[in-house]
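Lettered A, B and C in written order, each chain numbered from 1.
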């Protein structure tokens, strides 16, 4: 069973908790025992298991990624966001967004036990927008019954 | 088949090789051909495939994470370790621990072939404590037969 | 169904797109609906989903990893690449290579839909050599039918 979730983001960088959306997918699947895989279908959108319900931590996630990966896209080699062969658009210098996604995560695997995601007490699931604002960011969910 | 492994850690930051524990789970499952998934059930405990049996490399892992992610938790926004709504405890400024876990890994997927983990010559599995010392750190193991 | 892919690399650091090789494995498996897992069988070879067909971005990946993780291996504790118990070889100071692999990714999970990898428009798969040049770098592919 497969489902895509869609999100609109409204900042350049933004963490959005999506656990409850994924829980609804698990519930509607009726799978009691199995495995869930999920991944971002983008190269500048991360998907992480963290404590994304804590907004101050989300600020730190964004701040620290900006500290670790230089923010000025014009100093990167990658200066065309849309396509390798496209004419460069000076507003599409999103090299830092790609590097940040590479450093965090893009996929996850979670056990389903008694129809629920088997997460630790403080664990939740969030997307990390790294090149927004964007429409229709996609997360693919797949549930495999055991 | 699912099993939780439990670990006590005794330092703030510590890498502990756990390959042999996971190999025992595979053995007791009697699965000859399949797939193993494993993940940390915490937001400040990493799980990695590396050469964690090499103690000098483990020192580097800890040193480099301290170099890349600023160590002083009081300068982070996230200042309550326990709960977003909890009263702040000044001893629970573990923002850096969360960011470090986000940069390394928290889950893994390994092939099981002829009843054994299919790892490369120098690959092994280790947990990375990033906010210890702690008791009962949990790693969830799931084995899916093919 | 399991298959290993082999690659020779010819630089110290190098990103090589391998999507078409993995697509061929999917095709020859005849699996129409399922899941693919893949991982690097090395501790200094990453495996990522990014836009690795864009060579300028690949330059950024290498440059940024060199910026984030100090390049001089002799200042790391890990000074024997081959084995923890081996005599140190001064040419095998690959601590930075291990740390870089830990920061990026080493495994991936992708949905197979109608016999094809279910990737986003700009997503592709690449290996990231971090300690080359090397012969016979291995990527394990496993396909599980639903």
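Criterion: contacts are C-beta pairs under 8 Å (C-beta built on N, C-alpha and C of every residue); 3 or more make two chains touch, one makes a residue touch a chain.
Heads up on the chains, UniProt names are A, B, C = Secondary thiamine-phosphate synthase enzyme.
Computed from a prediction, not measured in an experiment: that's the story for all the values here.
Colleague: I'd like the angle of the rotation relating chain B and chain C after CA superposition, in degrees, nearest 5.
Modeller: 120
Colleague: Do chain A and chain B face each other with the same patch, meaning over half of the contact numbers show up on both, or with different patches?
Modeller: Mostly different residues.
Colleague: Let me have the rounded angstrom distance from the C-alpha centre of chain A over to the C-alpha centre of chain B, please.
Modeller: 21
Colleague: Which positions in chain C touch two or more other chains at once?
Modeller: Only 68, 103, 105, 109, 144 qualify.
Colleague: Spell out the part of chain B that touches chain C in their complex, as residue ranges.
Modeller: Of all residues in chain B, those touching chain C are 35, 48-51, 53-57, 59-61, 63-64, 67-68, 103-105, 108-111, 113, 118-123, 144, 146.
Colleague: Under the stated contact criterion, what part of chain B meets chain A in this complex?
Modeller: 2, 37, 39-43, 68-70, 76-80, 84, 95, 98-99, 101-103, 105-107, 109, 138, 140, 142, 144
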